[in-house]
Amino acid sequence: MLSNKILRRGWSGVAAAVAMWATAAMSTSAMVQQPEQYFPVASMRVGPYNAMGTGIFGGVIDYLNYVNIKHGGVNGVKLVYEECETEYNAARSVECYQRLLNRGDQKMLLWDPYGTPLAYAVIGRVASDNVVLAQAGYGRTDAADGRVWPWVFGATANYWSQIAMKLNYIQQKEGGIDKMKGKTIVHLHIDTAYGREPLPAMRQIAKDWGFNLIEIPIAPPGLEQQSQWLQIRQAKADWVTFWGAGAGMSGTAITTAARIGFPRNKIIFVTFGGAEEDMIAGGAQATDTNVVAMVLPGKQWPLIADIEKVLYSDGAGKGNMQNPTRVGTIYYNRGVIAAVNYVEALRNAQKIHNKVGKPVNGAEFRDGYEALDYTIEARRKELGIDGMLPPYKLTCRNHEGAGTFHMMRWDGAKFEIVTKDWMGANDPKMIRQLIEDSAEKYAKENNITLRDCPN
Amino acid sequence: MFDISFFIEVLVGGLLSGIMYSLVALGFVLIYKASSVFNFAQGSMVFFAVLTFVGVMEKGLPFWAALPVAVGVMVLVGMATERFVLRPLVSQSEDTLLMATIGLSFVIEGVAQLVWGVDVRNLDLGIRDEPIGWVLDSTGMLISQLDITAGIVASVMVASLALLFSRTKVGRGLRAVADDHTAALSIGIPLKQIWMLVWATAGVVALVAGMLWGARSGVQFALVWVALKALPVLIIGGFTSVPGVIVAGLLVGASEKIVEVYIGPKFGGGVEVWFPYVLAVLFLLVRPEGLFGERIIRRV
Amino acid sequence: MFYREAGQFRTSYAQDSQILPLRQDRVGMAVLLMAAALVPFVANAYWLSAILIPWLILSLVALGQNILMGYAGQLSLGSAGFMAVGAFACYNFILRVPGIPFIVAVILSGICAALVGIAFGLPSLRIRGLYLAVATLASQFFIVWSLDKFAWFKNYDPAGVITAQKIMILGHDFASPREKYWVVLVIVLVLTLLAKNMARGSVGRGWMAVRDMDVAAEVTGLSLLRTKLQAFAISSFYCGVGGALFAFAYLQTVEPSAFTIELSFRILFMVIIGGLGTIMGSFLGAGFILLMPIFLNVFFHTVFGKSVDASIASALEQIIFGVMIITFLIYEPLGLARLWQLTKERLRLWPFRH
Amino acid sequence: MNISTVLQSSPLQSNVLQSSQRAFPIGAPILELESISLRFGGVKALTDISFNVLEHEVRAIIGPNGAGKSSMLNVINGVYVPQEGTISLRGERLAGMTPTAAANLGISRTFQNIALFKGMSVLANIMAGRALRAHATFLEVALQLPRARREETESREAAEEIIEFLEIEHIRKTPVSRLPYGLQKRVELGRALAAEPKILLLDEPMAGMNIEEKQDMCRFILDVNDHYGTTMVLIEHDMGVVMDISDRVVVLDYGKKIGDGTPDEVRANQDVIDAYLGVAH
């Protein structure tokens, strides 16, 4: 059973290796070299975030391969990647960043480490290295201001928009902002920079709406949350915005909530720690938990379905997921969309700098990324992602894009979408103002001159 | 004003958590008693044990069939550890052995992820983990069936281990071993067998702890860190004392919750990360050998 | 053939007790230092900023851990905590003391770490062995927690992250990896020399006496209190300076929770694998523990490419790493430094067997 | 054990110790113990023991196993603090003694079961014995400032002199853990001497030695006493050789003093003979 399971994997590996070398040898000898564009993959496949890492980066890798197989690359440019294990450890991720920075004669175009601490660890370097930091829905929030952070992108939405959207959802449930006065909302967060990231926005809204905000930290790994939830019970909280990381913390939060009898449908999970894995860890008690999504799960989307068909169906064995049943899960789909962004950005870059069919460099890629535009329905349909992510476009000034989400409910086996349409902050302008103020403050402190943006 | 009923809630909640800590700490004591090894891999063993158990169930085995399988695997792990890690390192310093077990934890964690993959699993023991209605109504206390189970399991394990140490021949052997390896050997105590037995037992203890923790936190990697919660319990209880572990567990659980709830907020919370350790240090300053630990004699 | 002490006579005790009595060793060391100084001209940015700089920094920290653990025999699991103190102290000195020279800031942050070290070293007077080891975790968790909680340490950054300032020395900004490397190299070399002097002098003898037989040490007139606290202070100083460099010359953007207990363990490994109570061991050990995972990661990706499931590869890396540590403890409990010594002794006799 | 074998004089009985021809003639009392009593919990280790030690003499404390000899020694250098009684050094009463304090007063000692610094070489061990003579701070040492260098050279020279004296030059740089028992005992003596003590306490310096080793050790003890004039207090449980090298002997049994005087007086003491023959009390 187990033993031969390993064996089988092992053998398939070796076999594949041999096959690959063979083909590699042939291809080099046979045809003239196809132009390549290289992407780094800073994955985390071991350690506490292994479930997330395998899902996200499985999705990324699958899409890159899919584009090669299905379309022969981007305008004939083959997509290749190098992977490096960060273990979600800032120090190791910096090593990975440096290691993957150059591959042969090509420099890497972007960095997408999928962890706020990891994004912070390199945010000071990307500009000088001409590398795009694509912190898709994580990382430093005020980097959404393109005037201060030309090289950092936070599509499709950042943490401040996310908390604002949650509060917006809550006030609608409660029946209006005026009903929010005197309500108690607990922000239960992992005790790290990432956990505190949304607080500036949340405090502001709490002040404006007059609800009572209680911040309760959980020390990682958070396998024991008795005292936190007892405080929540004591505070007679109406809602809990849970801002954790890792299935262990999520699962414990849910079971402990159940132990003190806190209704799960009053808990709203963060995107980062809000996937099937986190709900499964919570077991039966997880039913009714709310989770925010910026990319929708499921296989009903043509793209995901096609990827499954091309890479997995009838043992094609080209997929990167160790467990194929995870195709279509939250993390997987988010990974795919991240890669869609890479590829679309590359496509744009080739067009803008008329290098169609040729590799591009960091600066050109940055322009391409800034030109990401998902507002055209036809294009979304073409990509097979229509409805999977909000329609949005990036601009010189706005590196966030949509700032909208869907609310989902865990029905015990899968997520069901409860919001009719993509939903954002009740007052997006206010959030945007906060972001730009914070960014400008940073710019002043580090005497950065703002890039003047037409739009 | 001071809300006494809430205080009791916190206290009870703390004691219940304390039991969960003790469950993990038991494994440490068991091994330290026998081979004066501070087995840092205990946390990884907890993770591996329950992961194996769930994994086997996924393969279609029923609960009661999966249990012996998991036990068997843990026994093998224990024996392998004794054979390939401890035996070659016998007569090395305690620090070296500690290092070795940290190395071991890497191996176990790696193997766990290699064999069972990285999927998060949930373990349903069929024990409801929600406040029991009538208890809540009558006493206002939040106690779940799982809490009660944990309590029972803990006391059963402690009782049986206590018996193992005091009554059985092996147990007496153990004590001799703990006192002096060579002497134990010279009077013909089968050291290897005893160590194997102990490590196997520790594996089983890990499985039990893992099942309860897994039921609560999901069966996923972070379980390896339950050990961190057990360490202060250990030093307060004394590395060599089974009852000490329970008392210390309750002490740590209760005190850390009370501190977190009543003092934590003044500092923005998260006090319970370090409080148990500081408590342990203060404690050791008074009793360097822990609550029930055997006295450390300074010979001249 | 060339590695011989024959014909080298020491005519004074001073000569006999110098750091490298053998001429060949002195030459070797000189060559090594040369190489270390010149390597930036050949090494690329990756090697400098991702391998060499962290290696040097972690060697320094390992050296600190070794002073405490290897020489003074006090097992401690809190070194990352003291690194954190150094890092944040350095940030605050440069932030709040306008125009403070970088080197001064680094030294001061080392001193801050030393003071904290003394505070957390006090229990060692009463607590021994593993009990002490676990007790030192208190420092680890408490330090990181307080740096995390009190926003002042991070100049009230909303996310609680600090961005290390420029490294300014005599008005010059040491920005490039090469320049950073040199700064680190100089600091590490100087501190290593000082450590060597202490280790082989009366100070080191005091530490080792306490380590080997504290009762006898007392009888020779040593004060356990002073010796142990001194070891804690100096050890923490090294960790603190290391932490400051870790933040300023390596990571540049840091949050307290970057100094995890895992880091402390890695440093512990460096000392054990490298060799307890040896200066050189700290460097070898740091190299091994830092480079081995990277090597394995690269190895698996180049050899098996994309063919082996990356998750399996990562898991295997972890297993191999653990196995290597255990194997090491079994076959060379005295660490890499010991291996190095043995090879030297062989070299002495070469080409004759005995 | 046969009384005659115990009390017979050993071949080493060359009465080198005629006070007349000593470099350091025996002087006034340097150490006085007044009715010392020591208890561990209920157990009485020492009961009302008084005796003195004269400067430059070789003073032996003998007695069967468990007589309380080691306890006596530990009281003298402050490892144990007696419940009753006083210790005075040169007529000055010492209160609250600790080993470190004792060391500072010039009391140095060896241990029954060797307590060398196992991880260090012979040289380092002996130099470590001079901890009291090292005044340079860790900074001076780290920076190799003049005082540190000077002290280092001094203590090296002192150590070398002792090494020569004890005839252990050949093992100078060997780790002590690799040495045979006899040599380790000798190194420990060396470490004790390195402190240049006024009073040297030897806890069974000859325990577990063969006859040659014992004779060597006796010679060293006498030479030390002769050469440095160090006052010696040594413990032995078998009377044999001790009788020949010591000027005066205290006999303990069951924590009580049963005899005190010159070897000959002690030899003639009936209680002592009984004690050694194990006559029931």
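A, B, C and D are the chain letters, set down in written order, and residue numbers restart from 1 in every chain.
Basically, a residue touches a chain if its C-beta (ideal position, glycine included) is under 8 Å from a C-beta of that chain, and two chains touch if they have at least 3 such contacts.
Computed from a predicted structure; not experimentally measured.
Engineer: Chain by chain, through touching neighbours only, how many steps does the shortest route from chain A to chain C take?
Structural biologist: The fewest touching-chain steps linking chain A to chain C number 1.
Engineer: Could you tell me which chains make contact with chain B and chain D both?
Structural biologist: Touching chain B as well as chain D, we find C.
Engineer: Give the label of the chain whose average Cα location is farthest from that of chain D.
Structural biologist: The most remote chain is A.
Engineer: Which pair wins on C-beta contacts, C-D or A-B?
Structural biologist: The comparison resolves to A-B.
Engineer: Rounded to a whole Å, what is the gap between the Cα centroids of chain A and chain D?
Structural biologist: It comes to 75 Å between the two C-alpha centres.
Engineer: Roughly how many whole angstrom separate the Cα centroids of chain C and chain D?
Structural biologist: 43
Engineer: Please compute the C-alpha centroid of chain A, do the same for chain B, then give the distance between them in whole Å.
Structural biologist: Centre-to-centre distance between chain A and chain B: 36 Å.
Engineer: I'd like to verify one number: the distance from the centre of chain B to the centre of chain C, where each centre is the average of its C-alpha atoms, in whole angstrom.
Structural biologist: Distance between chain centres, rounded to whole Å: 32 Å.
Engineer: Which positions in chain A touch two or more other chains at once?
Structural biologist: Those would be 45-46, 50, 54, 191, 219, 322.
Engineer: Among the residues of chain C, which ones contact at least 2 other chains?
Structural biologist: Where chain C meets two or more other chains at a single residue, that happens at 145, 148, 215, 311-312, 314-315, 317-318.
Engineer: Return the residues of chain B touching two or more other chains; collapse runs of consecutive numbers into ranges.
Structural biologist: 109-110, 113-114, 117-118, 268, 270, 273, 300
Engineer: Using the touch definition up top, name the residues of chain C that touch chain B in the complex.
Structural biologist: On the chain C side, the touching residues are 69, 75, 123, 126-131, 133-135, 137-138, 141-142, 145, 148-149, 215, 261, 265, 268-269, 272, 311-312, 314-319, 321-326, 329-330, 333.
Engineer: Report the residues of chain C in contact with chain D in the complex, numbered from low to high.
Structural biologist: Against chain D, chain C makes touches at 13-14, 17, 194-195, 197-198, 201-203, 205-206, 208-209, 211-213, 215-223, 230, 234, 277.
Engineer: Taking the touch rule as given, give the residues of chain D at its contact with chain C in the complex, in rising order.
Structural biologist: Residue list for chain D touching chain C: 77, 79, 98-100, 102-104, 108-109, 111, 115-120, 124, 127-132, 134, 136, 138, 141-144, 148-149, 151-153, 155-157, 160, 191, 195.
Engineer: Give the list of chain B residues in touch with chain A in this complex.
Structural biologist: Result: residues 3, 6, 9-10, 13-14, 16-17, 20, 55, 59, 109-110, 113-115, 117-124, 129-131, 136, 142, 144, 147, 213, 215-223, 225-226, 229, 256-257, 260-261, 264-265, 268-270, 272-273 of chain B touch chain A.
Engineer: Residue numbers of chain A touching chain B in their complex, please.
Structural biologist: Residue list for chain A touching chain B: 1-2, 5-6, 45-48, 50-51, 53-54, 191, 215-219, 221-224, 226-228, 230-231, 233-234, 246-252, 255-256, 258-261, 277-278, 280-285, 322-323, 326.
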